Structure formats: structure tokens, C-alpha cells
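Take a look at these structures.
There are two complexes below, and they share subunit A, which is joined by subunit B in the first and by subunit C in the second.
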Partner chain A sequence: MNAIDIRNVFKSYPEFTMQDVTLQLPEGMILGLIGENGSGKTTLIKLIMGMCKKDAGAIEVLGCSDLAGNPAMKEEIGVVPDEVFLPPFMKAEEIGVLAAKFYRSWDAARYRELLDMLRIPLKTPFKDLSKGNKMRCGFACALSHRPKLLILDEATAGLDPIVRDEILDLLTDFTRQEDHSILISSHIVSDLERVCDYVTFLHEGSVLLTQEKDLLKEECRKIVCSVRELSAIPQEALVGKRETPYGAECIVRKWGVPEGVNASPVSLEEIYVMMVKGEAHERAAI
Partner chain B sequence: MRGLLYKHFRTIAKEMWSFLLLCAVFYAVAFFAPGMEGNTTAIYGMLMMSMVITSLLRSDETTGWRRYCELLPISRKEVVTSYYLVNYGMLTGAILLYIVLMSLGKVWRGSADLQNVFSTALVMVAVSFLLSALSIPITLKFGSVKGPAIHFAVTFMIVGVGISLLNNGDKMVETVAGMPLAITGLIMIAVTAAAVLLSWMISVRVYEKKEY
Partner chain C sequence: MQILIDNYSGVSIYEQIHAQIRDQIVSGELQADQPLPSIRSLAKDLRISVITTKRAYEELEKEGFIYTMAGKGSYVSARNKELLKENHLRSIEEHMEEIRKLAVSCGLDKEDVLEMWHTIWEDSE
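After this line comes the complex of A and B, so read on.
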């Protein structure tokens, strides 16, 4: 079963269009949405949560195709948005009291445990917390009602490496239970590389690629070659390329690497950048 | 709903207590200065109370609370309903408090004529309930920046039409005004209740269509 199943979704705004987005998050897995600012990550998460209406397509979350019409289903979902908007005057303890009134499955002991674990000041009003502490508080709230699905929208952006590391550890812990899944969007690709099972590259409102992370990294190789060598690579094997006055740099599926050419392992960030920049490069050439 | 109400009352207590204090001051003046001036002062107190909801809506918009509500297991209808419950609960409480206070004042002064208290209470119901019935859907639709200006324009128009009907000797208005207080009161309460219900329905519709 898929925790999230998105098929052929379209959504238009005056200056942005999301086109034919299809992706699945299998239950028990972590899917990373990678995309530059404005690529449609937040729009996709809003569509999943029913915060805006899709123009076409189908979205199923934990088997429910209309989350806006079934708000009770949100008991099963923990969301940490890019900015956590909790009542500014409330202190962490009172936020727990408030959240307990919204969630039937609220676990006050777990919340307290998370507050201690994440070292969130208890006596400071939310508005006076640092950005990192606000985000930690958002995590504590999202995890304390024992959700099955966690959705994080740029939740680690702007946080220092220590906080990010703690949060990534929390995510790894969360998926120890096999029916727990996570959708995490970020433009900090190294974070996603560390925790994700699957990755989806989004660019200008379209899906460039969805694949199992390890398989993708195993399949792809980076090569630096001459333009003549580049032309010898089968087009189907090319994931992304960039031609320079001195030669070419490209990401190629392992089976398409020409003999005798040095191929090195590649990071997710390199694959994403090459796909996006290569595409832009080709468009400019046309 | 429990969570929404808890949050609203905590926000009001923390950030909008000055409106409640002003209302209490106006009530105190009305208590110690009975008569026409006292009645007017008490109505000002109710106007203060009806401003609480506009402030609450503005606060929830600027702090992003309504956006956060989208992530919670509650419907948009519940979000809208919570504002109505808090607003009309507080207004009703304030009007009942006015009636009790003023009646006690009358008894204390040895008067048994409560007609003046009830007629003022009716004006308070009409003014405060109708003002909020207008302000909630307008603020939800246009936001807290454009909303107040539109609210003011609509209120101005309605008051203008009302005054023109009174000045032109509209038969219906004259008939209602000439009725006994109990009947006039019932008609006013029925009209106000219908307006509040219509306002709630419009607000739910407006808010359910909103995209974040």
C-alpha cells in the first residue's frame, strides 16, 4: 500500500503551473522531494493536505482521496511546515495542553519526552524562541500524536547542522515502525541523501525523476569527456549533461559509460543540478 | 472545537483584555450614571466587545494560526463556527451582565421600571450582533487589511438606508416602532438571529473556498 499516491495532478496559478505530477510514497519509506525554490514542493504538500484544490488528477493519502472533506484523517498525519505558526504567547508546555485538545491520540508523556530530548525551553513564549527551537517545537507537536505519516516542508532549512542532525535522527527513529512513512521536501540535498529511500526531483512544477535513492546512485556515474566522446553516449543513457568550451561533463547511466572513460560515483545533488542545468542549457541552445 | 475555543479565549485574555477592561469601565459609568447618557455609554461598551472578534481574526491572520489550522484534524466549518461561538457567547454574556447590573441598580435606587434597561439591551443586541455579523464574513473574505474599510463602507450604507427609511416615514418601520416593547424586541431578535445565521453560512462558504 502507498502512504501517498499522486496521479497526474495539475494545478495552475497565474505565475506557476504544476503539470502532470505523478508520484508514490510506499508505506514504511521516506521519500525526499528535491527541488529549487519555486519548483512546486510546497504547492504539492498543500495539495496533499487539501489546503488548495487541484485542477485535475487524483491524490490519495493513507487511502483517503479527500483529506479536506475528512479532517479526522489528519489525526494520522504529522506536518512540520517551513514556518511553525503556533500561538505566539504560549509556552511549550501550554502548546502541549492546546494540542491535546485537537488530537484524540495525543501522548502528553511523549511530548514531554521530546521537549526534554530536543532541549526546548519550557518557560519561554513561542514568539521568543529561536528559529531552531520553534522548529523543534513543531517537530515535538507533529510526533506526539503518534502519526503514521510525517510530512516535512523545508523543515530543516535555515537550521544549524546540530539541530538538523538531531532532527534527521528523529526521522530515522520514526520509520523504525514499518507502517510509518515520511515525505520530506528540501533543497538541502545532503539531508535527504542521508535519510531517504526514494527521491523525486521537481523542477518548474514537473517531476524530472522519481527513483529509489540507492538504485539511482548505483546506476549513475559522472564522467568528464570530450564533446566527441559525449556524442558516442546513447541518448537514453544520458541523465544530464553540460557542455563547456573545454569539453563536456555529464551524468550517465552505468551501462552507457563508454569504455576507457573514467567514471566516478555521483551525489544526488550532482544528479539534480546536472539534470536542471543541463535542461536549461539545452533550452538556451535551442 | 475544544482546542479552537481554548486558543481563542487564551488569545483574548492575553492580547485583547483592553477591550474587556474598556467595556467594564463603560458599564461602571452606565451603572453610576443611569438615564440616557448611561445607556449610550453602555452601548459604547458593547461596541468595544464587538471589536474583540475583529481583533481576534486579525491576530489569527497575522500570526498564521489559520494556516496552521489546515494541518490539524478540524474542518474549516469548525474554524469559522468557533469564531461565531466565541463572539456571540461573549456578546450575550456582556448583554446579560448589563441587564443584571442595571436591574440591580434600579432596585437599589428603589425603582421597579425595567423597561429602559430592556430597551437599551435590545439596541445593544441589534448593534453588536449585526456589526459582527457583517465584520466576520468581510474579514474572512478580504483579510484584516482591506476588510475594515469594506466593513465601514457596508455599515455606512446600511445605516444610511435605515435613516432614510425612518426619515421618509416608512410604514413598516413606523408600525414596528409603534408596537409594544415585547413585540418589537421579538421582531428585532428574530431579524438579528436570521442575520447572524446568514452571516455564518456566508462565512463558511467563503472560508471553505479559500486557498492557502
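After this line comes the complex of A and C, so read on.
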């Protein structure tokens, strides 16, 4: 079963169009959704959550195709946005009391446990918490109603490495259970990319690529070569390139690396940037 | 069992897991019929992809190093000398292929490499 199943979804706004997006997150897996600002990540998450209407296509979340008309299903989904908005004058422990009234599945003991584990100050009003603590609080809330699907929308942007590391622990712990899945949306992945099973690149409202993350990283290599060597690389092997008057830097599938050229591993970010730039370059050429 | 994942080594994570478990089986550190951690718990402990871990286990199973009992998990297979030899042969072939590529890239031909090989072999005898 897929935790998220999006098929041929279209959505248009006056100045932004989401085109024919198809995306699956298999149950028990972690999907990294990577895209630059304005590529459609948040629109996609709104569509998944039933917060805006699609123009065409089909979306199923945890087997439910109408999340908007099925509020009980939303308890199964934990969302952590880029900025956590909780009542500013409430203390962490009071937020727990409030949340218990919203969620039937609220687990007060779990919330308390998470507050302790993440060392969130209990008596400080939310507005006075540090950015890291606000985010920790958001995670504690999202995990305490026992969701099956966790959605992070840029949730780790601007956090220090220690908090990111804690979050990584939370994410891996959450998915120890086989029916728990995560969608991580971000314009940077770095440390979080390690735990992802799949990765999807989104660019200008379209999916550039969806692939098993480690396979993609194994397949792609970065090479620096002369323009002549570049022209000898088969087009199908070329993922992206950047040419200068003095040579070229490109990302190539392993089988297309010319003999004798030194090839080094690449990060997902590098692959993404090269793919997006390559595309813009091609369009400019036409 | 010890598994060390190095994110910056350039060796794929899949290959790191596969090689380290295989080596520990070959060296006898992991005994026949000893249970291995479940795919999901190993992946989560190492903070890596479940799919990648599964792929490493599948490869080890295909090569006969481990066996899986449905619903119970994976175990180390009894050792098989022929299998080890087979694996070493394959490894030698891979290294030779590397040598060939390096030789081509710096313009050496087969005879040059063979001559180097004779020297190295005789030196170590």
C-alpha cells in the first residue's frame, strides 16, 4: 500500500501551475521532496492535506481519497510546518492540555515523554521559546497524536546541527514501525538525506525525477573534463552539465564516465542543481 | 556485529553494509546460524535507507552468505569454501578490470602491464 498516492494532479494559480504530478510514497518509507523556493512543495502538501482543491487528477492519503471531507483521517497525519504556530502565551504543558481537546487520539503520556526527551522548557510561554525549542515543540505535538504519516514542510530550515540531529533520531524512531511513513519537503536536504528511502525532485510545478535515493547516488558521478571529452559522453548518460570557456563540470551516470577521467560521488543537492540548470540551459538554447 | 558507515568514503552505503557483513562471515566473527538484526532495525540504528539495507541482505542471500526464514528473520549460512573461492575470483577480476582501465588511461598496453605484474610477483616470492 502507498501512504501517499498522487496521480496526474494539476493545479493552477494565476502565476503558478502544477503540472501532471505523479508521486507515490510507499508505506513504511521516507520520501525526500526536494525543490527550490516556489517549485510547488507547499502547494503539493496543501493538496495532500486537502487544504486546497486540485484541478484534475487523483490523490489518496492512507487509503483515503477525500481528506477534506474526512476530518477524522487527519488525526492519522502529523504535520510540522516551517514555522510552528502555537498559542503564543501558552506554556508547553498547557499546549498539551489544549491539544488533548482537539485530538481524540492524543497521548498525554507520550507528549510528556517527548517534552522531557527534547528538554523543552515547560513553564516558558511559547512565544519566548528559542526557534529550536519552538520546532521541538511542533514535533512533540505532531508525534503525540500517534500519526501514521508524518509530513515535514521545510521543518528543519534554519535549525542548528544539534536540533537537526535530534530530529533525525525522532524520524528514524518513528519509522521503526513498519506502517509509519514520512514525507520530508525541503530545499536543502544535507543531513536528512541520509535517512530517505526515495527522493523526488520538483521544479516549476513538475516532477523532474523520482528515484530510490541511494541508487541515484550510486548511479551518478561528478566529473570535470574538457569540452571535447564532454561531447563524447552519450546524451542519455548526461544528467546535468555546466560549461565554462575552460572546461566542463558535469554529472554523468556511471556507465557514461569516459575511461581515465576521475569521477567523484555527488550529493543530492548537486544532482538537483545540475538538473535544474541543465534544463534552463536547454530551454535557452531553443 | 560491527558495521561502520562512512558517508564520505565514495563507496556506496549498500556496498559498505554488504562487504562488512560478508567479511565478518568469512572471518568467522559471525557464526553459522547466528541471527542477524532485522532489516528495519539495522537501517534505523544506522540511520540509513531501509531499501538499501534490504538490497544488501538480498545480495548476501543470493551469494549464499545468509538465509532468511519467513517471519523470523535472517541468519548466517554455514560456510562454504567453494563459495569463498568463487567470491575471491570475482574480486580479482574486478581489480584486474580496474588495472586495465588505469593502464588504458595512461597509454600502457597489455605487455607493459604483464611485465609489471611479473616483477611484482617475483619480488614478493
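Just so it is clear, the second predicted complex is superposed on the first by the 283 of 286 C-alpha atoms of A that agree within 3 Å, B and C clash if a C-alpha of one lies under 4 Å from a C-alpha of the other, contacts with A are read in each partner's own complex, and residues count from 1 in each chain.
Criterion: a residue touches a chain if its C-beta (ideal position, glycine included) is under 8 Å from a C-beta of that chain, and two chains touch if they have at least 3 such contacts.
No experiment lies behind these values; they were computed from the predicted model shown.
Student: Between subunit B and subunit C, pick out the one touching the greater number of residues of subunit A.
Tutor: Touched residues of subunit A are more numerous for B.
Student: Looking at A:167, would you say it contacts subunit B, subunit C, both, or neither? Reply first, second, both or neither.
Tutor: After superposition on chain A, A:167 lies in contact with neither partner.
Student: Answer with first, second, both or neither: which of subunit B and subunit C does A:218 touch in the superposed model?
Tutor: Second partner only.
Student: A:71 contacts which: subunit B (first), subunit C (second), both, neither?
Tutor: In the superposed model, A:71 contacts subunit B only, not subunit C.
Student: Identify the partner contact of A:95: answer first if only subunit B is touched, second if only subunit C is, both if each is, neither if none is.
Tutor: After superposing on A, A:95 lies clear of both subunit B and subunit C.
Student: Per the contact definition in the header, classify A:83: touching subunit B only (first), subunit C only (second), both, or neither.
Tutor: A:83: touches subunit B, not subunit C.
Student: Applying the touch criterion given at the start, work out whether A:266 contacts subunit B, subunit C, both or neither, answering first, second, both or neither.
Tutor: Touch status of A:266: no partner.
Student: In the complex, go through subunit A and note every residue touching subunit B.
Tutor: 46, 49-53, 68, 71-75, 77, 79, 81, 83-90, 94, 97-99, 101-103
Student: Contact residues on subunit C for subunit A in the complex?
Tutor: 7, 10, 12-14, 40-41, 44, 47-52, 101-102, 104-106
Student: For the complex, give me every residue of subunit B touching subunit A.
Tutor: Listed in rising order, the residues of subunit B that touch subunit A are 2-3, 6-7, 10-11, 14-15, 63-65, 67-68, 70-76, 78, 211-212.
Student: Which of the residues in subunit A end up touching subunit C in this complex?
Tutor: Touch list, subunit A to subunit C: 28-30, 168, 172-173, 175-176, 178, 194-198, 212-214, 217-218, 259-260, 264-265.
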